[in-house]
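Naming follows writing order (A, B, C, D and E), and every chain is counted from residue 1.
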Amino acid sequence: MVTLNHYLILSGLLFCVGTAGVFLRRNLITVLLSVEIMLNAVNITFVAAGRYHGSVDGQIITFFVMTVAAAEAAVGLALVIALFRHRETLSPDAFTSLKW
Amino acid sequence: MNAFAATIPILIVVLSAIAAMLAEAIRHPGERMYIAGFGLIGLTGALVASCFLWDADATSFGVVRADNFSLFVNIVLCIIGILTMVFSHDVIEREEIPAGEYYALTLFAISGMMLMAAATDLLVIFLALEVLSLAVYVLTGLRRGSGLGAEAAFKYFLLGAFSSAFFLYGIAIAFTISGSTRLDQVGTAMASAPSPTLAWLAVGLLAVGFCFKVSAVPFHMWTPDAYEGAPTIVTAFMSTGVKAAAFGAFARVFLSTLEPMQGQWVPVLSAVAAATMIVGAVVGVLQNNIKRMLAYSSIAHAGYLLLGIIAANNAGKAAVLFYLLAYAVANLGALGIVALLGTAEHPHDQLRDFAGLWRTRPALAGLMTVFLLSLGGFPPTAGFIGKWYIFAAAVQNGHYWLAIIGVLSSVVSVFFYLRIVVMMYMTEDASAPARPRVSAPSMAALGFATLAVFYLGVLPARVIDYALQSIQTIF
Amino acid sequence: MLLTSIVFLPLAGALLVLLAGGRGDRPDREGVVRVVALAVSLVVFVATLYLWWAFNPVDPEFQLVERHAWLPQFGITYHLGVDGVSLFLIVLTGFLTPLALLSSWQSIHKNVKQFSFFMLALETAMLGVFVSLDLFLFYVFWDAMLIPMYFLIGIWGYERRIYAAVKFILYTMAGSVLMLIAIIGLAWVHSTATGQGPSFDLLDLYGLHLSWGMEMWFFLAFTVAFAIKVPLFPFHTWLPDAHVEAPTAGSVILAGVLLKMGTYGLLRFSFPLFPSAAHYFAPYLAVLAIIGIVYGALVAMVQPDMKKLVAYSSVSHLGFVVLGLCALNVNGVQGAVYQMLNHGVSTGGLFMIVGMLSDRRHTRLIAEFGGLKAVVPRLVAAFLLITLSSIALPGMNGFIGEFLILLGAFRAHPRMTAVAATGVILSAVYMLWMFQRVNYGTVTNEKNRGLRDLTGREWAMMAPTIAMCIFMGVAPNVFLRPMEASVVRVIDRINGVTTFAKSRTSNLDPRAPTLQPPTSGTGVPR
Amino acid sequence: MVALIPLLPFLGFLINASVGRRVSKSVSGAVACLLMIGAFGASVTAVLAAHNAPGRFIQETVFRWISSGDLQIPLAFRVDPLSSLMILVVTGIGSLIHIYSTAYMHEETDAEFARYFSYLNLFAAFMLVLVLGSSFPVMFVGWEGVGLCSYLLIGFWFRKQSAADAGKKAFVVNRIGDFGFILGMFLIFVTFHTLDFQEVAWRVSTWAPEIAVGPATIATLLLFLGATGKSAQIPLYVWLPDAMEGPTPVSALIHAATMVTAGVYMIGRNAVLFQHAPITLAVVAGIGIATALMAGTIGLVQNDIKRVLAYSTVSQLGYMFLAMGVGAYTAGIFHLYTHAFFKALLFLGSGAVIHALAGEQDLRNMGGLRKALPITYWTFLIGALAIAGIPPLAGFFSKDEILFRTFAHGNRIMWIVGLLTSFLTATYMFRLVFLAFHGDRRHPEHPAHDAHPAPDAHPAPDAHLHDAPPAMAIVLIVLAIGSIVAGFVGWPHAIGGANRIERFLEPSFEAHQMAPGEFQVIEGRASRQPRVELAAGVEPAVPGSQAVDERREIELMLLSVGIAVAGILVAMFFWLRNRAAATRVAYRAAPIYTLLLNKYYVDELYDATVVQPIKKLSTLLLWRGIDAALIDGAVNGVGGAVRGTSAALRRLQTGSIRAYAASLFLGVVVILGWYLMR
Amino acid sequence: MEQIVFYVLAAVALLASFGVIGQRNPMHSVMLLIVSFGAYAGLYVLLDAPFTAVTQIIIYAGAIMVLFLFVVMLLNAHTEDDMVPATIGPRTMKIGVVLSLALVGEVAYALLKIARTDFGTDAGTVSSIKDVGHIGSMLYTSYSFAFEVTSILILVSMVGAVVIAGKPRKDR
């Protein structure tokens, strides 16, 4: 018997994995992927909660979230390209000329 | 018509943005075109529309509400936008910024800001947030030539995405509890959540999202880098606009929807506010890049604004609005001057660039001084009334210690504002950078900002009345 | 309307100066600018004299009151008024500003326009402080005054001017912001106590009864702000720097008027607003004042720099003023107010003299001078007279003030006063020693041989100053009479509630204050 | 009319101060002298008026000076017997010295000359205010005013470092006294709620004398501190010898005849009050006699002619205080009055000598001047005899009166010391006479430097020795006559005289009710008399014992005269007959000699124990230590702390995006954690 | 049965996600993420959200991941080894690990805490939520405005992507 809790816990764990990825990985692309993981984790919560409440709102919100994710991905990747164009590297640690 | 009424200002701005894009599209290479004009028209229209909508309390699609509160924020945003537009026309050519995209994105950002302040649905707030954020990310990195711009933009983007994920998770939990994203339903549901823990999580995560946008400690790390890396004019725009919008939504969500849970979030925000005021003021002391310095100052100001939200009384709510306006004019003026003096090769954003400014540009130096004094909170300027109002609100609810931290940190911040004044007035011009001349419209805009600063500082009663009216409708 | 015009006349003049100065840096317009500024300040002085004439000396209450709503949402009013205490401080301000402008006639050459502008703006702020009867309005003027002074020190000062200017403004602000919090708290207390909304009106707040804890904290907040301005030991270290680095005009105004704001604030706000706290803390303040008197004198004695010496002497003299206030009786307070005027005139005069010397020799080190009496007898004569008035020789103004202060203090705390009275000895020591080293003996430094004696302009500065010194010493009643009624009124305010305040302090432990401000106040009534 | 008395000299001050430098010496000198003489005339009329007025005094309020609350101080002058005597002395001797000065200061430039006379006039004005003032504050005005003038006149030759120093020293030491005076004034006001002399006297007269220390005692002690400052008594006498840096006429007027006696006058003024503080009186007498003795011993060995006179002044002042202390107010004032004559005479005489020797002041370089300066010599001799107390000269009567009163007061030790002192007086006075005028002319081994700028600075050969010019000579003669006859007013009953001065001064030492308007000696006084315990000697004591007293008095007179003569003879032996003996003695008792020569090292003591420590303390501890290091250090330390924090926090902004994310994340964890922990 | 499927899918999703952040090679990460998205889709099916499952596959796996792939290719996939050394060393990394573990702990704690109280029971299936038509109508009625906003959002991101990634125009 799978309850909402299962999904909540699952999404929570996935979310944590995503956050961990954001600053454990040393590759901008992977970092972006981690953000995607976080968003998807949230999606599970939405859908599960929507089902729990017996409404489609959850799915629709998921739909919007995907759009946002797409938009972010687009801009993010564009920025990655721009950065790469300047520094020929994808390591987040390479970009520390702005500090203090 | 009425169904759309609430969205009219937003629509106008969006249309002007699209117009700007089209203009860029049809423009021949090298042809000069006053694209800012579209923005000015649109923003003026939005301003007028907002004034017309005053007291109408229109609602559209059940998710956008043009109550006086959001209208007040709209007006602030329109003023910010108009000033930005005027300055931009001088600046962007020098800064080698693609004009059409710049104006379009700025206007889109403004529309997103307006929407964020007016939305009554967490989902829409999230979307609006994303609209303005993405636009601002891009604006930050708009100078393709500069690696700093790209770096700043990416930092801002990544942390923004990161925090918005938290924000979204907050929304999700709220949705889990209430089965809806409408603020009213969320509020009632969370207040009566069977087990408060989940509600608390939601509150915490939402707070994180907002605190990031208003750059409160410890979610502020992006601010100095983004402000420094971005083109100065963009810095001016986002330091004021994003704050206004974010605080609008912040106030709406926390002071109306989550008001019943005050006991839960006031302590957290108090800690955040204290840290923000202290860090902002203290770290600003040693900055030598004016944009970075003003970034820290804007962090400190975020702290003061948080006081208004923490106070959570009418005075506090109105104070937030008034302070947003006061801060907007002063900060935009100051950064505007920095922008107007900068060029692509010489950004003119180092402290020493201002040495002996009053010899070569007495007028600009004077205006700069006025803006800085206002940011520092000296009478008889807007900044003083704003600070006083905020602290009055805090004290009324017995937050004496926050108020004291606030005033002391403001004293510290005065120190670095004065550093600029010292440079301008009391240091001899070392290496005079060739400073571009400022066009008449920009001077007019600066003059308007100065007038606003003094008007708000000497005769604030009228504006305070409006602020008070605009909070009566929602809270 | 009279007060408003007096207060804002200088500001109008300042704008006029900007117009007269023309665009940009126009050395050719200097003369015009100076004359305009001087004329304006003289008009203001005449206006203050007219104010004195229009003032009714027997009426203890505030007179020529103006009251208009300003921020009605918070019960903030534009409320001006004058009583016997503030009257003479206003006149003093009017009297000193023209002299200060004159004193800068030769020394200030760059940006005369801005200089005159800031001087006049400063005058407006100072006058505003003395006439405002609304705490908010008062604070506005109080804080606004910092800006022009900051620029005066920072732009036209001497070597370490920037350090001094920043120190001055930050030090003073740090003190006054706490006062701001206290002011706000007071207004909200009024709102809850009376239920008719917050009020910043002094007269409303006079009637307020506070819990002991609150009264204590508010009193401290106010008093620290004022003590820094006075400056009361140990908050005085900004003063020497500011004085030494400031241009002559700045020093004159700083010593002449600005410092009085602190003591005036104590008398007008701290004590009457929080009577029981005032009675509880007055002895401690008195102790600080006495330390300041002796300490200031001793440190002044060994200063190599004339300006610094005079600065520390100000610490000592202002200590007398605070001591007089802490006596909380008619003699003491009246003497204190009188001493404020004396110190304004005589120390202002001293700074003018020092300014003249440094104009001539571009140094303020005592060691650089010597034997001037043979070279510039008239200047030295003026110097001597000012010195005598500063060491309170009977027949000069200083004596009246110190006599009344010490008498009043003696009635309150005889033993402490005995210590304070040693200041009378020490003042003679350091002043005469300085005077001797500068003026007596043979001319040791060749540079001093060809010095110019007093010029007409300098006569125009010194003559009125000296005349005031002697007149105030011979006919003190001219000043004491008009202020007596108001002083008595203030003291009644302070003593009025002490009877049960004492009992309250007795049964309530002051060290464990209950700082529970009201939260029930509906945000914005009316 | 009374106000006119101080006003005239003040007028002179104004004239000479303003236009003096532009007019010739003769004009400015004439103005000063005429106004002084005018003041003298005014005084005479005032005195006569007062003598005939009911209550033997007149009072005149010029205007209400200070009024604050219950403190009302009118600027009022009162002429009663005591003040009449004083104003006569001040204006009379003052005029003489003015005249003398016209000749003495003649070498000065016009400007300096005018400055001198303006100061001198100003001094006279303040001195008259001092003695005429009817209340403590008014007296205090004169009190400090004369201090100022003495400061200015001592430092008249301001180019001389020593002169400037001496002036400052005088003022500061006086300030120390004034500190006591002002506190005493406060205590009196707090106790009696008035500062008017008569009021105070009247109110205190209803008290029983204070056996234990009480307000009256403390107040009088404080006032006496003021007196020691002004009248150069232990411990504050150190300024007077240095004050000799001033021009000699100034020493005569201010530091012999008038100003220094102000302290004595002040005690006489408050006789009734002091009478109620026996403890204070004992102190006064003790200090007085001690000072007299010490100064006498010092005077014995000094070589500067003026310093010898200065110490003798101190010693004589000690006598006066002794008189005051034993309650012989009349005697004290009487001595003050006679002393004014012969001490002025002596100073002016020495001035004539110095003038003749072009600034030479060292006794060792004089001698044999008797032939060259006959007038000076004879007048000086009269003065010396007078001070030595040889009848029938003025000094004899007053000094003898004092000694007798001391004896009568029953304090044998003081009496004996008094006798010893009078012996010393005679000795050092005649040492002076013999060294200066007798023997043969000794020329200075070295020309006298650092003297005041006389026209011919080089030591004048005897050929040029000229006796005092007429203006000076006349004054000397007049004063000499004064020194002879002045004493007769106090011819004691014992030898068939009617002690007029006593009867004259009597009312000033009694308490009078002073209702505004009418000044009557209240009748009720007699009834209070037993308690009031009026000054001994004012009333002849119980009739029966009078005869005994008189016989005893005559014996004592003879004794004291004998002692004086002995003193003169000793002086003659040592300094006239064989000088070798003197040097031998000095050699034998070398330690004592040096001790006396260095004035008991009191100046050095003060310098080491007070002056230097304070300077060091202020410089090192207070200024450098507390002010700069501690307090300002703390102030700047706050700034430094802020900067430090700033620098530290800046470091967190590493620029690494992952660090930023971490901080953001940290915030999240903390916030959520907080929520979960509650 | 349902539980087994859930646990399997959950395991796949988790492991794949771990793989994503565990990989040094971005290419592999992308691939693994696609795998996990497949698992998500399965979970959505379990949650009676077939439409979401489909969009998940199409939009995410089909569009977004492809975009990522393009970029990875474009910048010819750098592994982290040949990159500049990390400015923040292993210690900070530890801090990061600790932090994320802390968050994991917190979330788990919170969810388990509430697990005992609410959401314990499954609301069961409401047939309407499977209905795509229903979704569509909802999307264009009550969510129409949000829908419009997304259009602007996409417009912005489009413009942004172009202006950022595109080559600088030379005309000015």
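We adopt the following convention: a residue touches a chain if its C-beta (ideal position, glycine included) is under 8 Å from a C-beta of that chain, and two chains touch if they have at least 3 such contacts.
Because the structure is a prediction, the values reported are computed rather than measured.
A.B. asks: How short can a path of touching chains from chain B to chain C be, counted in steps?
C.D. replies: 1
A.B. asks: Among the remaining chains, which ones contact both chain A and chain E?
C.D. replies: Touches both chain A and chain E: B, D.
A.B. asks: Across the interfaces D-E and B-E, which one involves more C-beta pairs in contact?
C.D. replies: B-E
A.B. asks: Using mean Cα positions as chain centres, tell me which chain lies farthest from chain D.
C.D. replies: E
A.B. asks: By CA centroids, point me to the most central chain in this structure.
C.D. replies: If one averages C-alpha positions chain by chain, the most central is C.
A.B. asks: From the C-alpha centre of chain A to that of chain D, how far is it in Å?
C.D. replies: 98
A.B. asks: With centres defined as the mean C-alpha position, give me the chain C-chain E separation in Å.
C.D. replies: 69
A.B. asks: Return the distance between the CA-based centres of chain C and chain D, expressed in whole Å.
C.D. replies: Using C-alpha averages as centres, the distance is 39 Å.
A.B. asks: Quick check: how many Å separate the C-alpha centres of chain A and chain B?
C.D. replies: Chain centres of chain A and chain B, defined by C-alpha means, are spaced 26 Å apart.
A.B. asks: Which chain E residues touch at least two other chains?
C.D. replies: 87-88, 96, 100, 103, 107, 110, 113-114, 119, 143, 146, 150, 153, 156-157, 160, 162, 164
A.B. asks: Two-or-more-chain contact residues of chain B, please, as numbers and ranges.
C.D. replies: 123, 127, 130, 134, 137-138, 141, 144, 150, 153-155, 158, 162, 176, 197, 201, 224-225, 415 - these are the residues of chain B that touch more than one other chain.
A.B. asks: Can you tell me which residues of chain A touch two or more of the remaining chains?
C.D. replies: In chain A, the residues touching two or more other chains are 4, 8, 15, 18-19, 22-23, 26, 32, 48, 50, 52-53, 55, 57-58, 64, 68, 71-72, 75, 79-80, 82, 92-93, 95-99.
A.B. asks: Who touches whom among the chains?
C.D. replies: So the chains that touch one another pair up as A-B, A-D, A-E, B-C, B-D, B-E, C-D, D-E.
A.B. asks: Along chain B, where are the residues that touch chain D in the complex?
C.D. replies: Those in contact with chain D are residues 154-155, 158-159, 162-163, 166, 197, 200-201, 203-205, 207-208, 211-212, 218-219, 221-222, 224-225, 264, 267-268, 279, 282-286, 412, 415.
A.B. asks: Which bits of chain C are touching chain D when the two form their complex?
C.D. replies: It is residues 167, 170-171, 234, 236-238, 295, 298-299, 301-303, 329-331, 334-335, 371, 373-374, 377, 388, 393-395, 399-400, 403-404, 406-407, 410-411, 414, 417-418, 421-422, 424-425, 428-429, 432-433, 436, 439-442, 475-477, 480-481, 484, 488 of chain C that touch chain D.
A.B. asks: Quick check on the complex: what are the chain D residues that touch chain B?
C.D. replies: Chain D reaches chain B through residues 642-643, 645-647, 649-650, 652-653, 655, 657, 659-661, 663-664, 666-668, 671-672, 674-676.
A.B. asks: Chain D touches which residues of chain E in the complex?
C.D. replies: 87-88, 92, 95-96, 99-100, 102-103, 106-107, 109-110, 113
A.B. asks: In their complex, what parts of chain A are in touch with chain B?
C.D. replies: 4, 8, 11, 15, 18-19, 22, 28, 31-32, 35, 38-39, 41-42, 45-46, 48-50, 52-53, 55, 57-58, 61, 64-65, 68, 71-72, 75-76, 79-80, 82-83, 85-87, 92, 95, 97-99
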